[in-house]
Structures are given as C-alpha cells and as structure tokens.
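Before anything else, here is the set of structures, which you'll find just below.
Below are two complexes that have subunit A in common, paired first with subunit B and then with subunit C.
Up next is the complex of A and B:
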C-alpha cells in the first residue's frame, strides 16, 4: 500500500527541485519550515520526531533543503515530511505538509474489529510496522 | 419629538413621526445594524416605509399606545437612519436600521431573528422586503459559542493541510440499502476523498434505517482509513423529527467513532444551536447542509440574503456550510459567493459593496466556518474552483466521483490527482487560471482515471445568468 497523508501523496514522488519550489513558496508566504520524521505513520500519530525546531528565521530555501537532505541521510528508510507553519493571527497552524521520504515497502495497517453489543463494532487501526520496536520497523 | 402629550394622543401616526426615523442618528459600536432592501407600495414614501420596518421589527404596533411611556421607549425603538435608492432598480431602497443591544437576548439566533425577520416581512405597505446584510457588534458576538471545531482545529484533527478537502455525496440520494450505500462510501474514500456525505433528505426511510446506515458507513470509513493511512470521515446526517431523536442519532455516531455529524438547515435555528453545543461537548465536527434556503435567499427583492444566513450560522455554531460553487449547477454569482465565503472565513470582514458586504465585521475571534462547494462540479474545473474559492473549502464532487466510467475509486482518484497537481502548480508560481487545462492534461498522461474524467465531462458547464447578484457593479457569470 501507499500512505497518502500529506498534500502531494497522489503525485509521483517530488524531486528535490520540486521540493525546493514548494519550500520557496512557503517562505514567500512568510511561513516557517520544519522537518519531521517517524517510523510510526499511524494516521493519528500527530507527533512525528522533530528534526530540530521550526526554522522561524530562515529566509533562504537552500538552507531548508540542507536540513531536508541531512534528515534524509540520517533516516533514509522511514517517513520524512516537510511542514510550513504560519504564525499569523487566525491561523497559527500548519499551512502545508508533504512527505519527502518514505520506506521502499509500506506494509500498511490492520483494521481490528471488536464486536460488542448488538451489531456494534469498535474499530482500531494498527500499523503492521509499529509491531516491531522503534528503529527496527523498516529494513 | 415635540410635546409628549401630542405624541401619545390615541390614534394613528406615521412611523417616521413616532421616532423610528432619525436621519441624524449615529449608530453606536454596540448597536446591531441591519440593511434592508425595501420596495414600498406605490405612493408610500421611502422614509416612511423604512421607519415602518424599523418600527415593526422592534417596538411598534399600528397605533399609538400610552404604555410606551412606562418604558425608556426611545432606547427600545429601532431607528432607521439612512435610505439610499438601489442603483439601477427604481422603486427599491436600501434602508439602514440600528437596534440597541438591549433588544436582544444573549446567544439566541431565535430571538434575534424573531425581531429582525419577524412580523415585518408580511407588512402590507411594502410590496417586498429583503434583509441584505447585518453588522453584529463584538459585544453581542461574544455571547455566542460559534463553530464547535473551526477550520484550524478541523484541519489539525484530520491532519490535512495546504489543499481544499474533497468530498462527495452518495448517489442515488434515495433508495440504496445500507450495505450498498456503505459500498459507495468505502470506494470513494479509498480512492482518495477525505469525506463522503449523506444527502439532506437521507434520514431514516423504509429502504434504509438510520442505525443500519451508520453501522455500514463506519465500517467503510475505518476500512478506508486503514487502506490509506489517512483520517477519513462520513457526514452522518442526524436530522430527525425531534431533538431527542437527533441526540440519539448523534450519540450513536459518536459511539461508533465518527469524527463528523451532519444537520440540515430546515431543523431550525434553535435545534442548530443545540447541536452546536452537543458537537462542542463531544469533539465532533458539525456539517450543515443548507436545505431550504433557496426558498428565501435567491430572489433579490424579497427574503434574506445568504450572506446573512451565513453570519447567523457562524454565530449559531456550525463547522461546515454549503456556500456555493460559482461554476456548478446551483445559483452563484462570483462576487456574491466571494462575499459569503469571506463571512465564513475572515477574522475581520471588510465592507465590499461589489460583494454585497455592507459593513466591516470584526468576528471577535469566533472560529471560522469551512465553506462547502457542492453541486455539478467536476475535475476539469479544478483551476477555476481553486481560483474562485481558495484553499479552505470542501470541494464535493458527487456525480463527478460516482459517475466516473472506470468506477467510484477511479473517480475519487481523478479528483484527488487534479487537486494536488493544481495546488502544486499554483505554489510553483504557474498561472493556473490560464494554464489549468494544460496542467490537467499533463497529469492525465500518467493518471488514466483523470484522463477518463476529463474526457467524460469536458463539455459540461452550467452557463446561466445568476439571480442573486450584487447591485453596485455589473457582474458576469463565468462559463
């Protein structure tokens, strides 16, 4: 399967040049770039690991690309996403978030159904990969 | 006003002379202001008609009553203070009326509307009456809960940023069994949509009772979520005959783990506010379908403009509201739609007569409502939709998903690819308004579902003149 979180997951993987164009767009809007990575891509895992703080003072896309490439070098086999944060009043939230690295094999998720009273079912989604310990989830 | 003894002598007297017209009145920051389009009967003076509207929407009755003198009646009288002819529409006038805050119960749309659109709309001296816009004072707004979730929190909960959300309404609207209905939901979500939606008239009919529908839809939602790694949702319509029924349905949706429920505008303002409070208590996104609004929003001379309904709904507290597509099958002049979207999404809405926005409106931190564009739109219009409607919007392709020649999943994929490719191109600095068709054609080379969608619907447009247009500039309806 292919995890389709993020703004551009239905497109072919972005090239570094295409990533740079999105970074430049975000910077032109006054947003701060941050890089995050995880080996637990559960849809409700909101807190991926931070590759440093959001780069609030960075204005040049080349600097952001260096961080993205460094994160990819350190974590070549897991998920990496680039976020753009807007601190403007009324937003104060992420405005763009897209995946820039993913494992070669994505095992996906199991849907666990617990049957309760009547025909009710309680659903739980579990990542197959996250059943292994952290750091040993993708080869 | 002269001598009080003369003013309160029994009998009838023009409204303007009773104190409902005051050309020198300067509205207070705490006043509620309404602007009405009035069409007086032949021979009725515009100022007298405006004063009558002020009177009938506040304290007046048809004759003088001495009991006014037991009150601070000057305060309670609404005051018409300005009457302008409507440009290009002889016999019509915009009349501005100010209401003191003391006239309204805090936090109640029912109370507000009982005054502003109460008796006055049937008043005989007027041929027609339309409420065009309102200015809500900050002091009054702060008595309303507003949207239970709001755009920012909705996006954070769904973990979806940087693009419009995608939805579809299950079709056919009526007649599917629950199991078949859930199939449509699963296919559309797995194919790439974020949401699927019950239609406004799907409640609990003989062919599909509500519990059955909720159970199958939640199976579809969770299965699609596991298949994609994304948060998915289905707007479960909890509209029913009584509040007790609606609470029962909403509680069941919550128990099954739904992230969103849906109501129809026809349930009424009080029921909407009750559901808004329920949704806030239960961390649920609240979707509002505007069923019924066209009966009173569409004609320019009589009724209530939809931008006013949108204001009331932001105050009442809904997270989603159907607000027009511009390019689709339902009414929508581009300028008027922009005005409605700004009412939903701005922190401060600026006066803009071209868009029908008569006042600056400070929203006082009230959360933002996500507008929903639904009705006769398809992937081939993606560049137009993004240009007109922006990013914080749910684009709903019902027929444009389910009617796809390669199936529902392919239909959903076509829409999602068209959306992502267009956002990517826009961010790269391309001129999507002009290059849009080319951008879609490029993507269609590697995405056969998109190619089929573009081929199937290439000639579809709804090119009719809009009825509800702004008065201040000539406007065109786009192809």
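Up next is the complex of A and C:
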C-alpha cells in the first residue's frame, strides 16, 4: 500500500530534477530546507529522525540536494522526506513537505478492532512493517 | 548533415555580451577601483574566456566546464575582498554562478573545535556558498604543519573534494599574503593544482593611494581643503614607510581618525552655527595631528 503523506504523494515519484526544482522554489520563498527519515510510516508519526540540522541561509538548491542524496545513500530502503520551514512571524511552521524516497515494497497497515464497554468498537491501525524492530524493517 | 562540420556557422558575440550585461560590471571594476592593472586585465581575460565558452556551447562545442577556482595573493588592503565581490557578479552575469553571492569566511568558520566538529561545519559553509563564490581569507591558517592533529587538514580535504566534484555549483577563492600563500600551496599540492587562476594584487603607489583617499572621502561626503590635500600628499609617503602599512586600509583608518579630529575641532570652536561647508571639509590640521608627522 503506497503511503500518501505530504505534498505530491498522489503523483508518480519525483525525479531528482523535480525535487531540485521544488527545493529551489522553497529557497526562493525564504524557507529553510531540512531532510528527515524514518522506518515507521504510521500517519501519526510526526517526529522523523533528522538528517543533520535544518539548513538555514542557503541561497542555492545544490547544497540541499547534496544532503538529500547523502541521506538517500545512507538509507536507501526507508522513507525520506524534505521539509521547507517558513520562519516568518505568524507562520513559523513547515510550509511544504514531501517524500523523496520510499521502500520498494510497502506492506501497508493492519486494521485492529478492540471491543470496549457496551460492545463499542475502537479502531486502530498498525503498520505491518513496524512489527519488526527498528532498523530491521524494510531490509 | 553534420552540425559539427559546419565551420561557417555564426554566433553573435555582441548579442551574447549585451545579454549578459557583463560589460557593465567590468566597466565598474575599471572605474571604481583604482590601480590594480594586472588584476583587472586578468578578470577581463577570465570574463572573455567564459563568454567565448558560452558562445561555443551555443553551437554545441562543449569543452567541459572550465575550472574557475582562484587564488588572490597580495598585501593587506590591496582590494582582494572587493575584487572577489565583483568577480562573483561577473560570474553570475555570465551564468557560471547561479546566485552570484559571496560568502567570506576565515579559518574559524571552517574548522571545528573538537573531533567530528569540522566536517559538518565546513559542509555547512560550503552549502551556504553553493551557487556563488566562497572566499576564504587568509587561507594558509587552515594548514598548521606544527600540529599534525590540527583539524584544518580535514577542512582542506572536504574543500578539495567539493572543489573537484561540484565545480558547477561553487567557485572557491583563497586569499592571503603572497609569501605565506606560497608555502601553503607548496605543502598542499592538491589545492594548488585545482586552482586555475592565480591573481596577484600589487601594492598601490602613493598617487593611487591619494586617489583612493579622495574617493573614500567623496563616498563619505567629505572633502579636503587645499591645506588638507597638501597634508595628505605629505602624509601618504610617510605612512607608507611605517611598519604595518596596509595600503588602502591604512588610508581608510587615517581618514577615520581625521574625521574624529575634525569633529573635535568643530566642537571645540563652540560656535553655535556651522555651515554645510564646515561640516564637509577636512582641513590640513586634522591630518597633521597624526602620529606619523611627529
């Protein structure tokens, strides 16, 4: 099951050239680029591992691309996303975030039903991948 | 039909030149910077090379991107940083630096304080400089032969790697005093061989320094009185003979001190009204109070 988190996730995978164009756009808006990775694709997992510090004061996308490619080289089989952070007062938040790398095979999620009082059902999802320990998923 | 065979194909150099607007920057360089003849000539040469390279590319002749890393050697205050800034603009106009900004750093910005601190720090600076020019002032401080565990070497290695692999993204300019740069290059042959253009900045002559002083004053909206000009003319050769003479920088400092004295003099007059002329004029006595004359 293809994970659809962040911008462009319903489009075919972005090529490096397209990623670069998005990064350049973000920089032209004055946003800071950061690279993050994870092997836990749960939609409520907001805190991915940081690949280095967010890159403030970049003028050109080449530097950010260098980090994206380095991260992809180190973690070729897990999820990597690129965030663009807007520090403008009033925003102070991520303005753009998209996935730039994903595992070849995404096993998807199991739907768990828990019966509670009054025969109510609570639903929860659990990633099949996340059932194995961290670092050994998607290997 | 073979395009490469068509030796009579035309390319409009004038149009390319006009389009790049590089002439403007070169003319500015010519008029705004005094002296520095060999440097200006070299900058012009590099600009022509790049322009021709672009013309060739438009006809499909690809010679590979030329190596643009440079070294600026010269005594303090000879205009290395200023020229680097202009160089960034020239490269930008010709399409060789996408953003055309200048990131000026010294050893402290590249080298870390403990193990594992240097690489991220150097990479950070390199990333910031991409699309523009990285200007490393007093580059020889990166290499400290007396301490073999010095982290400077690590910074140099990262620098070399990026200089080689990302030639399109970044132009590195290393700068410093001539003699120390020479030893630096000798002990880092890898660096020296990756630098294609060595520009030497000559010292200014007394006449050039006088012109520079006049220009600096005009920029600060001051002017010299007749006695002021005479004093400056005497001052410059005297200052040039003093130790730690730093060309244009010394002149700037001298002028700043003269401004101080002028302000003090005007304040000491205690006249309630000052004319515009009084506020703008630096008199001979403002300069003559300098230590150099004693």
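We adopt the following convention: the second predicted complex is superposed on the first by the 138 of 139 C-alpha atoms of A that agree within 3 Å, B and C clash if a C-alpha of one lies under 4 Å from a C-alpha of the other, contacts with A are read in each partner's own complex, and residues count from 1 in each chain.
Keep this in mind: a contact is a pair of C-beta atoms (placed from the backbone, for glycine too) under 8 Å apart; a residue touches a chain by one contact, two chains touch by 3 or more.
Just so it is clear, the structure is predicted and the values come from calculations on it, not from any experiment.
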Partner chain in contact with A:58 - subunit B first, subunit C second, else both or neither: second
Partner chain(s) touched by A:31 [first = subunit B, second = subunit C, both, neither]: neither
First, second, both or neither for A:48, with subunit B first and subunit C second: neither
Broader residue contact with subunit A after superposition on the shared chain, subunit B or subunit C: B
Which of subunit B and subunit C A:66 touches, first, second, both or neither: second
Partner chain(s) touched by A:97 [first = subunit B, second = subunit C, both, neither]: first
Touching residues on subunit B, where the partner in the complex is subunit A: 152, 155-156, 159, 161-163, 192, 215, 218-219, 222-223, 225-231, 255-257, 347, 368, 413, 416-417, 420-421, 423-424, 427-429, 446
Interface residues, subunit C side, partner subunit A - complex: 98-99, 101, 120, 123-124, 126-128, 130-132, 166, 169-170
List of subunit A residues in touch with subunit B within their complex: 1, 3-5, 7-12, 18, 21-22, 25, 41-44, 46, 83-84, 89-98, 108-111, 119-123, 125
Interfacial residue positions of subunit A with respect to subunit C in the complex: 52-53, 55, 57-64, 66-67
